[in-house]
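The structures considered in this document are given below.
Two complexes, one shared chain (chain A), two partners (chain B, chain C).
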Partner chain A sequence: MVASRTNVDLDTETRRRPPVGGSASPLKRRTRRGRSPWRFMLYLVLIIGAAMMMFPFLWMLLASLKTFPEVNISPPTILPSDPQWSNYSEAWFQPASTFGRYFFNSFVVAAVGTALQVFTGITAAYAFAMLNFRFKNGLFLLVVATMMIPFEAKIVPNYVLIRQLPLLGGNDINGVGGSGLYDSYAGMILPGVASAFAVFLLRQAFMAVPRDFWDAVRVDGASHWTFLWRVLVPMSKPAIVTVVLFGFLARYNELLWPLIITQTESIRTVQLGLLLFSGEEGQRYNIMMAAAAFVILPAIILFVLVQRRFIEGLASFGVKG
Partner chain B sequence: MAISKRKAFPALLILLTLLLASCGLAGGQEAQEGSDKKPGEAAGAIEDIKVPKGTEIDFWHIQATIYGESVAAVVDEFNATNEWGIVVNQLFKGSYLELNQAIRAGLAGGGAPDVAMAYENDILEYQRAGEVVELDSYLESEKYGLTDEEMADILPGVLARQQVPAYGGATLSWPHGNSSLGMYYNADLLAEAGIDSPPTTHDEFLAQARQLKEATGGKYVALSQAMNSVYYNLLRDKGVAGYDPKTATTDFGSPESIEVLSLLETLYKEKLAYTVFDGVATEAEFINGRSPIELGTTARSSSKIEAIGSNFNWGIAALGDDGPAITQLFGGNHVMIEAGGNDKEHLAAWLFMRYFASTTAQSVYAADTGYSPAVRSALETVLLQNDYTESPQKQQAFDEVFVNAEIMPPTSAGNAINDMVSKEVVRVTLGQATPEEAAERMDAEATSLLEAAKP
Partner chain C sequence: MATDLTQQSAASDAARQARRRRRTERVWLPMGFLAPTLILLFTFDVYPLLLGGWISLWRWGIRAQEFVGLDNYRRMVESLGVGPGEGEVGNSLLVTFFYSVGVVPVTLALSFLVANMLFAKIRGLTFLRTAYFLPFITSTVAAGLAFGFLFNPQIGVLNGALQAVGLPAQTWLLDADPVVPKALGAIGVGWSDSFPAILGGPSVALLCVMVFSVWNTLGFGVVILLAGLVAINPEVHEAARIDGANAWKMATRITLPLLSPTLFFLLVVSTIRSFQSFNEVYVLTSGGGYGAGAGSPLDTTLTLPVLVFRYLYQRPDSVGYSAALSMLLFLLLLAVTLLQFRVAERKVHYN
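And then the complex of A and B:
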């Protein structure tokens, strides 16, 4: 919100500024600026940068259409000599349950997990940003400090916790006798439901909202709950979108945890599907590229849909991807 | 003394927590005691165990691509044909690193598999935790074991790695199907330099490298940055094992080791060899006809056959030197995890392990992949004979390389020694250390690592 207000001010400022170069009309000024060699250089650099960013994707698409011998040729060919569209169907049907099922699993894990993460993030961030209670700062530091714990160090404790949850998955009250939430969607989702990063980012966003808003709604008799969902959340959309995107991508790309916590093949996610093309004894590089081409599609679509809010969120709260 | 309500509630909470915690501990202990059987305890009663129809066991492995497909085919065949109605659920668990993490998590929290793939170093770790089922009583069982003839059918190097001295005289694993370090050669490139066959001694290796450079100006061999395997192999060619974990001594300072390091130094000094990133890169150099020689795993013979096609003539051989050409044996084995199940499931697991190492399964696995069969009788099957006729390089890999393959002596210091050796050999190839300096340092560091790893 602060950012958008600043933009409005800058735009107004630009409109009020006297024209550069005396009497030249704005149209001519724009044309001259458009022809400036510096602008040309700038676009050239941007085009080169964009091409460099796009190249790996292009390479993936081209490699996905090559035969196994051709994909191993060095120096490599750019265009496939005999496009193998069947690589896509081969990739799709490689897992016993097919990539269709894996996509469904990934969406369930990523969507439900992200929704829960956003909910816990919003409520915890609200408490840290707007409420006063003892040890608030200490507790917040404790939450943020959990970001320092490497994921690998949490695997075994998380696994034990998920398997030994009492009264679930055949377990008794002591968490013994069954398998808890092992080999289930819930088991894949639960360990990441509370994210220190989400709490941190949303707390920063909530703190940027002037306290006057709270005072104003309080006069109208609103509760904390109403203030949070009716005022703060709509005003912090860029930050929430950032948390959603980061959360969704993190879950969608997760590899090790789903690998460890699942046993049934049909419950596995797309990232585990990609592993099937690369083993200790070699890779099926062309088929893997075909699979990668459809696995990255949802992430690209999501980014395209929310990119404006996402960039606003990053710019406003100083977070680098 | 009266207790206020304010104090009573937290006190009650603490009491409840302590009660629950103690219940949890008791439950945990009970669970542990339930599975705390000594390995091989059920040995005497194996003949009496009856595997109920429909017994399910979990098998975790690291095989993807054609290897994973073949494992699935072998498992499907077992599930469809075994007389006990055992159902094996096979599951790909990523690389050895990821598989190992999953097993450790399973051992800590339950849900460990009945059978898993593992290298010797990991098996030693599981053994220390009391989680490996010894296989000797199954092997000796009249009903479920193997005959002397069947035991003799297993290749000596493959059998030896299931019963390494570090296991204390027990058999802790059973064959999966393995590969070994071979010398791939591009016969056409060698012929261009007037060389009609691959080298059989280190002197010939160096002489051919010089001859090729003189004739074509090209380099002779591409080596991976991980040079420990090449070094060990060249050392074994001279009849030297490398190190002995039992006595914590090494052969790294021996004259043979210095000769090997000098050979590598010369190859680089005279620009006869060059380094690329890893095994994938050395393969790329070979299949694209840039490197006439590649030292790499025979497991990749099948992918080479597909990638090279009829582009050039090539083959696989073992280098050798003064002694027999003993190369390094690669690949994991099957290990039975104690916590994975009860006696019936253990027997079911053993029956599956026995099937996987049988003539039928090994012939299918070897025909589908670049692995060599663990049993000689697989070579007599029509399936493998046809496959080897179509792919003579796979036959070569078995006949000339795999039959003499052996593992490096297993030790928990193995990975650290490999990294250190690799680093020192690279220093020699870069001219940063003389062979003598590197040999001395390797000997000192490896000895200290082996001392620290002594059980």
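And then the complex of A and C:
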């Protein structure tokens, strides 16, 4: 069901572009269906490849259900002889690393960070797509150029900068005396909020909307603000979903920045919690794999929820605007 | 007279109002829309480049301690030697080079292959696409732990499989030996220790990290290329098929050139990403916890970003040196990206 729906989606995607007539896709389909040995090989290779991609996850899930002696047998067994669902609760309730708290922190950081990123991205993209002002092209180039600055080049100065932000965290006006936003949610969130990638992607999407829409609502006296949120944003859902997905996943999965900018265990994110957990649990791979499995779960749920729009969003990115 | 004046001033009032409105429209409105992004980008992306350069001239702990000029850079240059027991900067550059040269082309080629296969309209497309993309969206920490388990010398499934077919077990992520002498030794060809380190190739441990990295980033390449394929006009392929082109010719003569802008984009992005390899090394080689051992065994997986981290996080008073190292990383990346634009972009076919 789901699969065939997506096939249709890809077809409408190709059909939507002007030079393609509606007849091209069915024709193509018929010719491809014809060669069955070729298709069989294609399936075989794709399925073997997919199995290899999925194997580490599968093995993780199997190990997470084994008993401690069973997970240490060499050569390993494949299926757990007596599935231990309690491994999951044991991993979750380990007193040393309280995953509930870690998850809460991760969701706060990822949700707030993504919301701010989408909001600032949308307004900036609107200015670049719809408004006329001096230095527009130059500013846009400058924004895009920031994509080229590698994260590692920024991490040391940002660490210093966050600690020395004036008037915050006990600092005086010169940024001396306290520790700024070090070891806080804001410190984890702020440096990644503005994203040139988001601005770029959203601008592409906004520019694809014909200008007639603006002329039409302008006659009715609508402001830029209304037009943006009532017309443009609803029409650009695929691009926005893509930005949300990438933004949320990047923050949820982030490791280096939260590690450097925090110190207190109770505000750290779930990835750091999992790392600490792996250090403490050492060789208890069954418990560790259970923890890894529930850390992965939210990302997978999010992806499955939005994946159709996400592919559309990337497709609009591929088309040169 | 009087009415004339009021008319005049009304007219100029209207003109002034119009001017003010235009000013709002052309200056204040765009600035309002742009301000949050521009302020944040300047503060946390542009200004840090300058600040980083400034910090690299200091001995810097939590705060600036002493201005040392180019001392940090001198120290960096002094450890540029390559080989066992030589400088750690030189060695980490070599590790980064191995990593990049191994991971980028393999990922690109495999993504191209898989994307082309997935582009065929087949049943179960959503499931297959998700299978290839899933590693990319999972956290490196969780996936890294799963790989650490696969690679475990005692109870890992890889050694289980090797032993099942009668091959000797390996120590994988704990093996600091370079792969080329090892592979040659397995088929009975000798190796001299006097050969330069670069010929020995990456260590077995680094190779494992590279395998993980290809697995982890393949899905990204596949999705980007799929998006590129969707954007190609299907009539082009249709025409070629009617002219009797076979699958190989279609792929090399038509798809490849038409996809070259997307491939080029992917090449640049993958290279940048490969120079920033931190997470995978950190999770796979640190031996658990907050990673005191990242870069082990014997620093053969110590990429440049991990070295930056080591001096920032684990050595007090070395923030300045760490900043100097990250400057090196930035300049390197800039040089490689510019080179790619000069060399590779000539071969890119924009329509």
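Descriptive notes on the structure:
Heads up, the rule we're going with is that the second predicted complex is superposed on the first by the 228 of 321 C-alpha atoms of A that agree within 3 Å, B and C clash if a C-alpha of one lies under 4 Å from a C-alpha of the other, contacts with A are read in each partner's own complex, and residues count from 1 in each chain.
Assume contacts are C-beta pairs under 8 Å (C-beta built on N, C-alpha and C of every residue); 3 or more make two chains touch, one makes a residue touch a chain.
Owing to the predicted nature of the structure, the values given are computational and were not obtained by experimental measurement.
Contact with both chain B and chain C is seen for A:Ser278 once the two complexes are overlaid on the shared chain. Using the contact criterion defined above for the overlaid structures, shared-chain residue A:Gln263 touches chain B, although it does not reach chain C.
In the superposed pair of complexes, A:Ser74 makes contact with chain B and with chain C alike.
In the superposition on chain A, contact of A:Met289 is made with chain C only, not with chain B.
Which of chain B and chain C touches more residues of chain A is settled by the count: it is C. By the touch criterion defined above, A:Val219 lies against neither chain B nor chain C after alignment on the C-alpha atoms of chain A.
In the superposed model, A:Asn174 makes contact with chain B only, not with chain C.
In the superposition on chain A, chain A positions 72-74, 152, 155-156, 159-161, 163-164, 176, 255-256, 259-260, 275-276, 278-280, 282 are in contact with chain B in one complex as well as with chain C in the other.
By the touch criterion stated above, chain B contacts chain A in their complex at residues 23-24, 26-28, 30-31, 58, 62-65, 67-68, 72, 89, 91-96, 98, 101-102, 104-106, 108-111, 179, 280, 284, 287-288, 290, 297, 299-300, 303, 306-309, 369-371. Listed in rising order, the residues of chain C touching chain A in the complex are 25-27, 29-34, 36-38, 40-41, 43-49, 51-52, 55, 60, 62-63, 114, 117-118, 120-135, 137-143, 145-147, 149-150, 152, 154-157, 159-160, 163-164, 215, 218-219, 223-224, 226-228, 230-231, 233-235, 237-238, 241, 247, 261-262, 272, 275-276, 278-279, 282-283, 287-291, 304-305, 308-309, 312-313, 319, 322-323, 326-327, 329-330, 333-334, 337, 350. On the chain A side of its complex with chain B, the touching residues are 68-69, 72-74, 96, 152, 155-156, 159-164, 172-176, 179, 182, 255-256, 259-260, 263, 265, 275-284.
Interface residues of chain A facing chain C in the complex, by the touch rule stated above, are 2-4, 6-7, 10-11, 13-14, 17, 19-20, 24-25, 27-29, 31-32, 38-39, 42-43, 45-47, 49-50, 53-54, 56-57, 59-60, 63, 71-76, 119-121, 123-124, 126-127, 131-134, 136, 139, 143, 146, 148-161, 163-164, 176, 190-194, 196, 199, 224, 249, 252-253, 255-256, 259-260, 271-272, 274-276, 278-280, 282, 285, 288-289, 292-293, 295-296, 299-300, 303-304, 307, 311, 314-315, 317-320.
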